[in-house]
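Consider the two complexes below, in which chain A is the common component and chain B and chain C are the respective partners.
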Partner chain A sequence: MLQTKNISKVFQGEQVLEGLSFRINEHEMLSILGRSGSGKTTLLKVLAGLETADRGQVILEGQDITTVPANRRGIVYLYQEALLFPHLNVFENIAFGLRLRKQPESVIKDNVYALLERLELPEQAQKMPEQLSGGQRQRVAFGRALVIEPRVLLLDEPFGALDSETRTNMQDLLKGVAKDYGLTAIFVTHDLKEAMLMGDRMGMMQKGKLNIYDKQADFIADKATGVLEEAQFWINLQDLKK
Partner chain B sequence: MSRTVKAMLVGLILFPFAFLLMLSVGRQWPYPALFPQQWSLANWAMVWGGSEGLSNSVAISVLLSTSVAALSTGTSFWVSRHIAYHPKREAWLSMAYLPYVFAPVILAACLQFFFILAGLYGTFGGVLVAQLFITFPYGVIFFSSFWNERLRNMEQLVKTLGGNSRQAYAKVLIPVARGALATCFFQLFLISWFEYGLTNLIGVGKVPTLTIRVFQYVNEANLFLAALASCLLVFPPLLLLWVNRRVVFKG
Partner chain C sequence: MQANGAAQFGRFLFVLLSAVPIVAGVGYALLYSLGLTGVMAEGMTGAHWREVLRDAAFWRTIGFSLYVALVSILIALAIALALVLRSPRTFTKGSLSYMIYLPLSIPAIVMAFFIFQLLGKGGWLSRLAHQLGMISALGQFPDWVNDNYGIGIIVAHVVMAAPFFTIFFANLYENERLGDYLHLATTLGAGRRQRIFRVGVPILLRRGLATVFLYFMFVMGSYEIPLLLGSQSVQMVSIRTIQRLQRYNLGDIPEAYAISVAYTVLVVVLLSALLWFNRRQMRPS
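Moving on to the complex of A and B:
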């Protein structure tokens, strides 16, 4: 479905991406774990067409989209911050992409109300962004992306600014929505547990290099991911209690 | 603050306006009379009647300042965005300060030759272009603090949602910047409205704005007409201030 071939990028003398080649299947969510500065965001921006790679190719459904501008790729990039348009209410924020495509009013209403229902936001349709909680804002941001039926959804630490309870709710919601809508997505996070919860497959990004694990067991077994270290911490804590 | 002090402050602010209004309807004011000895609306009748060319000056000033403010606000908004995200942002921005290194009149004197060459000397278009040399960089400096990473992300988001640059401006950036655009337009209107040096030098008296008229009447020691022209000069900015306040605070 989405494939990259040998993507590399140097920024201010630093190798940000180094020969990245990987593939994501249709309706699959790949979670990528990585520390700040590991190149995760740059990779997503290259895939979205917001940054250009120095070398390599991005192929979507068999078509080379390396030079296709961002607005013609059908790949939506979601930021950590919901970035709702402050002058539009919830309904209009979600309808934004459909209005850009000049869809008929009846189509806009049907699609937006269906999404509001699915995202548990039907009561909030007429509210302005500043009247919403952090979790509600992020839901609206999902709705705004989903309404245009993106070919690929790129999520850059979307729950990074949420409290732990809201974060858990949002993870459940996204998993459900991804299944319902058959989403193809890349989910970037620096949270180990979140990476394992969200991804059908997992990847680890370090110093511009990406290692993708086909099986969860391989991801756990690799010392670099830190899963074993984390598990040992909790085991030790359990032992101390005894 | 006590009511008396408040009333005194309001009185101090309003006094010059009231004084100008009084002078504009006065005639004959010999020393040591406290007030003019005759009162007449004849001066104001001249404005509506078209004599003295004051109504023409009002029209020229409104057209000139509106055009200068609209052109500068629009172009500086667009240019400042490109400067803000340019790797050499500081170098480009420092160029915007260049027109202010010289006094406007010196700048005009330097540009005079080119205006003569282009056939713009002593024309409305020439004065408009000359004022842009001052107002456009001001707009660029004004908007330089407006752009930030969040707006840039918002603009990129519009693109990944399928919008082009024009749609990003029309549907997001301009509505979000409405308050800043209104404030910038207002400030540039005022700069143009009260501009004297450039207008006088490039217009060579053939573009009689209200500000030029006020100076002309003052030089002629025509106290009452100078007051009348000053009243006309003050009214449109006050109106714009009121409109601007409503737009900015509503936003």
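Moving on to the complex of A and C:
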């Protein structure tokens, strides 16, 4: 489905991405774990076409899209903040991509209301973004992306700004929506638990290099991911309780 | 308790310094226009108001002021938005970010003089056109100052307003993360024009609406620029008011005050409309 070949990028003398080659299958969600500054965001922006790589290729469904402009890739990039357009209400935010494509009004209405229903937001259609909670805004942001049926969805720490309860709800919602819509997605996070919950496969990004694990057991076993350390912390805590 | 007292004193001071002089001034003007005060006070009368409101020249003055403000602001906004959306960083970093402050530091009367020198029949453009053989005599150069269309006034205001709006929108662009919104719109499929007209312009205008409106009112009530560059036959509100106030005929003074009160009412109505529009946008459906 989506493949990269030897992607590299240097920014202000620093190697941000170094020879990244990987592949995601159709309807698969790859979660990428990494600390701040590890190159996760740059990778997503290169895939979306918002940044250019110094070397390498991006291939989508067998077609080299390395030089295809971002607005023609069908790859949607979602930020940590929902970034709902402040001048549009919820309905119009979700309808945005369909209006760009000059879809008939009836198609827009049907699609937007179906998504509002699926995202549990049917009552919010006429509200403005500032009238929504953080979780609701993020749902609208998903709706705005999903309505155009993106070939790949790139999620850059989408739940990073949410409280833990909302975050858990949103993780469940995204898992469900990804299954319903057969999404192909890359989910970037610095939260270990979230990476394991969200990804069908997992990757670890460090200093511009990406290591992808085909099995969850391999991800857990690798000391660099920090899973063992985290698990040991909780085991020790249990022992202290006894 | 002390903090509460300090806050109350602060509020009192604010009202004393900002609201009281305005209310007092408008109140005095209203009383004067109704014949209740002033050297020629003849007791309560609506004659001066009738005179003003029935005078076609007064309505032309209001219309002309609105037209000059509207055209000046629209042109300045178009220039500023085009510059900022084309290269936003240019005006927040580097040498241009300092140079763009220069037109703002020039007093309005000096700017009016520059424009007079540039656009007048004996001005630089006229001489250049003559040198290039486009006109055979300087008198053939079109009337771009002291003209009935307010071209000189509009140009002067645009030269001052465009840099102001450019700096203002360039900072908004940064603070509102407009670059991220535009990137997001791009990945949703927006082309260049769609990004500008469906995302960039609406977000900047929405956030900057109050400032744009205040500048509109400032242009509408401006004095120095229309004084030097305006026509005698079609005047802006401030010029007409001051001329009536300074006439030898003391009977004109109540009418001048009536004009200033009417103009204040217009400003308050427009401001109320803006506040209503803003609140309506924020109100839950």
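Rule of thumb we're sticking to: the second predicted complex is superposed on the first by the 242 of 242 C-alpha atoms of A that agree within 3 Å, B and C clash if a C-alpha of one lies under 4 Å from a C-alpha of the other, contacts with A are read in each partner's own complex, and residues count from 1 in each chain.
Here is the rule we use: contacts are C-beta pairs under 8 Å (C-beta built on N, C-alpha and C of every residue); 3 or more make two chains touch, one makes a residue touch a chain.
These figures come from a predicted structure and were not determined experimentally.
With the C-alpha superposition on chain A as described, chain C and chain B clash in the combined arrangement. When the two complexes are overlaid on their common chain A, residue A:198 makes contact with neither chain B nor chain C. When the two structures are aligned on the shared chain, A:50 is found in touch with chain B and with chain C. When both complexes are overlaid on chain A, the residue A:128 reaches chain C alone and has no touch with chain B. Of the two partner chains placed by the overlay, neither chain B nor chain C lies in contact with A:119. Taking chain A as the reference, the larger set of touched residues comes from C, when chain B and chain C are compared. In the superposition on chain A, chain A positions 48-50, 69-77, 79, 81, 83, 85-87, 96-97, 99-101, 144-145, 148 are in contact with chain B in one complex as well as with chain C in the other. If you check the complex, the residues on chain C that touch chain A are 177, 180-181, 183-191, 194, 198-199, 202-203, 206-207, 281-282, 284-285.
Chain B contributes residues 150, 153-154, 156-164, 167, 171-172, 175-176, 178 to its touches with chain A in the complex.
Contact residues of chain A toward chain C in the complex are 48-50, 69-79, 81, 83, 85-87, 89, 96-97, 99-101, 126-128, 130-131, 144-145, 148.
Those residues of chain A that touch chain B in the shared complex are 48-50, 69-77, 79, 81, 83, 85-87, 96-97, 99-101, 144-145, 148.
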